[in-house]
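Since the structure comes first, as structure tokens, the remarks are kept for the end.
To keep things simple, chains are lettered A, B, C, D, E and F as they appear, and every chain counts its residues starting from 1.
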């Protein structure tokens, strides 16, 4: 190992220069960043709280349920409050009284929303059951549907987004993205009875509005038309509006902040839409012409494919 | 933390109401649901058993291999039998003698299939080696190809699906989905020498039939035409049939229970197919016309992109 | 459990036959394969080293940074050297002095590149900040952007690929693929200021060349035209060249080893390109004709969708 | 490794013969033994419940305390009930309805005693504070005194002993013994305000009676005179009775079932007592004569010790 | 489980009353107690730092040693400072600026002592090697001698004791006690070249003074004569002084704050000493008379012992 | 934290000097020491193998027992062989072919002894059952008796001791010592049907010989008379011989290499014996005279003890 040992000091010196040359590593001294693993752990706790008896080893009974709920809420609060505090303090460059107060407020307000979020998620489960012939049962959906998992995390993260908590909503939504392939920006607004089937590749942008009773399939993008203006676009409405009762089939792209898919419409697979669609429309891609070249069994075998 | 403490009792009360108001949390008292983490753990054990020396810290030798195999089989049985038993009992609302017997039967029959499944997987490895110029070696495929991982889990889960075990096959296939982006419903029927390259976004529906020597690429959907009828469609053939020796390139969609891709055909990338294709066809999308706007280096730089 | 017990010996015998019948399990006696979990652990250590204060529990200060760097480098070397050694020895069928020397060389040379890789990654972070209106801050990108995570792992794995280390680069890139949905072959060549947005479904093939200041979106494939010739194609240039300052929107496919996307071009979403594009082109898919069927609110409700 | 490989089958055969030849390994088929690790885990949970804020990461507040208590009680019950059930079923050779009922009864009755046990332990803490000049504070005693730890475990285990639960009380008391060097048989009867200082080597036998306000030091044995009759002595009173207000200094041995140390007595260090002592006695060992051989500094140095 | 469920609320209520009725659980709100597991973890880190290459998986080389040292010191400081801070704040009832400053000072001063402590421990290793014919090598002593382990922890804890840090020194010394059976109060003063052989049952009281080159065996008590006055004795010299070059054999007890064992003396096994011994004395217990009752082989066998 | 940061470099420099100044840290470059945690892990595996169904989560059946045994043996060999190899190579200053061969030999020979060791331990269990009225059952002894645990570890470690493996036997026996308070040097020779009751403080020296059917109690020392000659005594017979059928009661000390306790004898508690005892003797300490000072209830209460 002498080759390595001979160069260790040199690599350290170069890396240290790298650390020192960026404002990303040492500035804001004494202010820790929030902890990604802790935030993912909080999401796991929320899942236990919202769907008791499905994910952990605990199966609360009617008698023990309130203790379970109170304990989980306390535990989540004990973990969530300091992460929000770190995020605010790091972002604002100091740990002030105001940071403490706003962190406590945001953590508690999110927890106050939990009963309502549970109601919404049970409605989303209903939507999945009715929308997927392979679902079998609500239990199966709660156990394993990636769409429900992504929506559950979105509904939590959104509560922090609207309270202007930095970093944490994105860490949450990217965790969902990593586990499900579904990328819902926590800034989006999503109504009741929402179902994403299969889901891999779905992208729902920051300023998207989605009404009630909307169903989307794998590969659907609800995106921006162009992001060439970069940070100047931050905060602008860049993503579409999907009204109530809309179904969007797989791999369709709907782009642009002024694009509205009107109520009751159905968007066919692979559609590429950049302007509004009237309510109650059924949009399908006129199938791109296919060239079918019938070369016959003999030719096939001659080509060495058999 | 007084803000939180002041509201703790209120949130508990509301959440408890939420728990009580649904049949999903407390009904079927005394019946535990199967455990998702335990099922994923079983899949990891199967991987060690099927590919000894690749994933764990153990490298069985010719002398120790039978002990390794016998030990792993026993351990898998010890974990799998209770999960199947929980799944059946919860689904049927009671833990009967019949449940015990069927759980033991299903667990053992799956294990009896394992030597055959190993043979199938070694053929799938061969398919990957021949199908991917970047593969390098069979070892590389076993170590890291997501396609093989998804197929391995499918071949296990399918044995439980055809024995009508609830919940567990879906938990298994969604675990594969989460790790690979490949969503193969455990109800599908898949032949020998199957290869999925890259794989992210692949969806293979519950009633799909796939023959031997089929190769598919990332983003391919083998799906249903419409699922508007919801649970009424459960059990109906809703997904296509892919005959032997077919290649399907990336992002193609093949939809519908009556759609048959005939033997020896090749389906080009991005094709959207909703009716049958004769054997030995070569189907390619007539490239959607591209608009190429040559604005020149000067214009480009003037636009501020350089 | 007598059903299982009665068949245990039989399953063991059959599985043992399976093990014995393949060259994949027992040959090359005494040579262990590299360990997938160890390699993923090394990637986690690299992340801590490159982005101190973001992922672990440690927050090095200016005073402690060199110790942190030296310790992490030593620890990575202690883990990486044996894995490279195992990979080379297994691949070449023997543990020779040459294997030891090349393993030490490759491990140390990768570590010597780390300060340069950190510089490249900070430029990639800059690219993400300027390319995504939703980014908010560089910290947010480092914490959670899957594109950056995939590129970070690619830049590590590539150093091993160009030094002909077997197995490990692919294990690394498939780990990135599993966590991000982004599949960058470690053989690709990628310039500075690279940004992948959302990223799920992106495939970048082994012989792809990507210049500086390139931005690509989810679902983009930079692939081969055909892989029918299998292993014979290994090493041939099969994937496209993307020159500097190119943007490729979502779900576009660019295929073929002779295909060059000229400098400064923009490729629209869903484009399917199999031949070269001149510099400074703006390519957009002529939208496939959409059939819009306005059936009106009443019809909609009559169909039972409301 | 061929030496090992050549003998593996032989060792297995011999060990299997060993297993088969004893009734300790395979009889009582289908009946699992209780799990030692699970029982130790239950003791850790009890410690968290009885001394909240001292051992775990949770610091219940006045608002969250009832939820914490209810949750811990539920969790302990979920772990304790099955262990008691296993212990009874294994001991009695079958899992009957009566076993289930008695297990539930014993688990719940132990939990009903917990508030009383907490009161007793707080009195024991008081005894330690008043008995040890080095104690400093009650918190210090709760955190770290081995005497309190051994008494806490004894008070739990005793509740199971008096309910005739097999195996578990002994596993508990030997865990305490291993961690503290203090061996209190769970059958002993111990009053209030009990303090063991230092404690290593203390042995308190199964039929010992200890009154209130007793203090004992390291190395004290409260034992049997002879155990030559083995199992025939089981259940007989073999160990002494210590009345109220007694202090026993280090390494004293008090032996025999008829031996009574009368109220208010003090027993000096190293005393060896096999018959009763009247109340209010002060017993001290007449110091064994010491031989003091003054060999002087010169002799000392000459002997090479300096 | 209805028996438990029926009583859960009742037990919670009683336990809550228990919590509320003591000042030990909720007072000093907002002030967490130090964490026992964290303190034990710090001791493990110190052991890695002081004896690199013996306990962890890391084997620093000459090249990497300074990075290892710097990293471990930083890590220990990161863990130790907050524990000292919690201990001081909890003890003094508030988290003041002074607490922060004193915690930082105590943590850093302990770390500044580490190089000196390492020197002392290497001398203690030398003492063990020369004092125990079974030692074999210094490595064996470092790996496994409980005496060295207890002394190592004592030398750390003592630095905190003399700086008046509450709780933590005792948690440290009781951890050593639990693992080794050796109970050294962190307040004792101990010189160089100290060796404890076997060690189980050794007790060294808070105000003991031990000179250089002292060797003691298992079961030795250096204790107080009486502790009847309880807390009033706190701080008084209650334990003996052992001058240089003294050996104390097993199970000897030396008691009292005025008792001095003069330089160069040897104290025989089982001696019970409560007054001073002149220098260069050899003290041995005049063997208590033994009653030897020769009952012969026949009698023995007749008694059923054979 | 500036106080620490200001001194970090200084402490590192001093510690590095400490490392460099001793031959214990960097010499024998490239030779790792054996790993204490790995050795303890091996002991845990042996316990599972010898007492299946008692300690782990596995309960082998008659059908699975041979697979369990073969798997555990393989796993132990995989862990044990490298530790022995490290120990030999480090001790001899080089990793030679001879080291490899002797390590393989010692590991396999130990494993070949395992069936015999299991037989011996079952006899030891019998001895405990017959020797302790509180034992209750053999299962209870296997689960929790510290005496059995210490003997089990001794019987393993002894096989390595007699094969001259350095470091590892002592690490094993000190682990037993730490967990049980029983310190049996792995060099001692111990016959069949051996029972240690309670055990805390027992010391059995390196050259002790113990016959069959011997029973000893807590605090018994079988030691050397003097160790003043240090390493020169290594290998000499320094500890006593205990012949068959001897019982030694608590806290007795038997010292010296020429001391023989003759067959069938009983040694009373607290006896201090330095010369041989004839067979079939019953030795009891003539009780040291006790001073009993009856001060009466009134005096007692006046002294403030009531």
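By definition in this document, a residue touches a chain if its C-beta (ideal position, glycine included) is under 8 Å from a C-beta of that chain, and two chains touch if they have at least 3 such contacts.
Since the structure is predicted, the reported quantities are computational estimates derived from the model, not experimental observations.
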* Asked: For the interface formed by B-C, which of the candidate pairs C-F, B-D or A-C is equivalent, sharing more than half of the contact pairs by residue number?
  -> A-C
* More C-beta contacts across D-E or across A-D? -> D-E
* Asked: Could you state the distance in Å from the CA-based centre of subunit B to that of subunit F?
  -> 53
* Structure fact -> Cα centroid separation, subunit E vs subunit F, in Å, comes to 22
* Taking each chain's centre as the mean of its CA atoms, how far is subunit C from subunit D in angstrom? -> 57
* Structure fact -> subunit E touches at least 2 other chains through residues 1, 4, 8-9, 12, 59-62, 64, 66-67, 69-70, 73-74, 181, 200-201, 219, 251, 270, 285, 288, 305
* **Chain pairs in mutual contact under the definition given at the outset** => A-B, A-C, A-D, A-E, B-C, B-D, B-F, C-E, C-F, D-E, D-F, E-F
* Mind pulling up the subunit A residues that touch subunit D in the complex? -> 58-60, 64, 66-71, 73-75, 78
* Asked: Considering the complex alone, what residue numbers of subunit B touch subunit D?
  -> 1, 4-6, 8-9, 12, 61-64, 67
* Structure fact -> In their shared complex, subunit A is touched by residues of subunit C numbered 49, 51-55, 57, 59-62, 65-66, 69-70, 73-74, 77, 81, 104-105, 107-108, 111-112, 114-115, 118-119, 122, 125, 129-140, 142-146, 179-181, 197-198, 200-201, 218-219, 250-251, 269-270, 285, 287-297, 299-300, 305-306
* Structure fact -> Residue set of subunit F touching subunit E in the complex reads 1, 3-4, 7-20, 22, 24-26, 29, 32-33, 35-37, 90-91, 166-167, 170-171, 173-175, 177-178, 181, 183, 185, 187, 200-201, 203, 205-206, 219, 221, 223-224, 227, 229-234, 236, 238, 245, 251, 253, 255, 263-264, 270-274, 277-286, 288
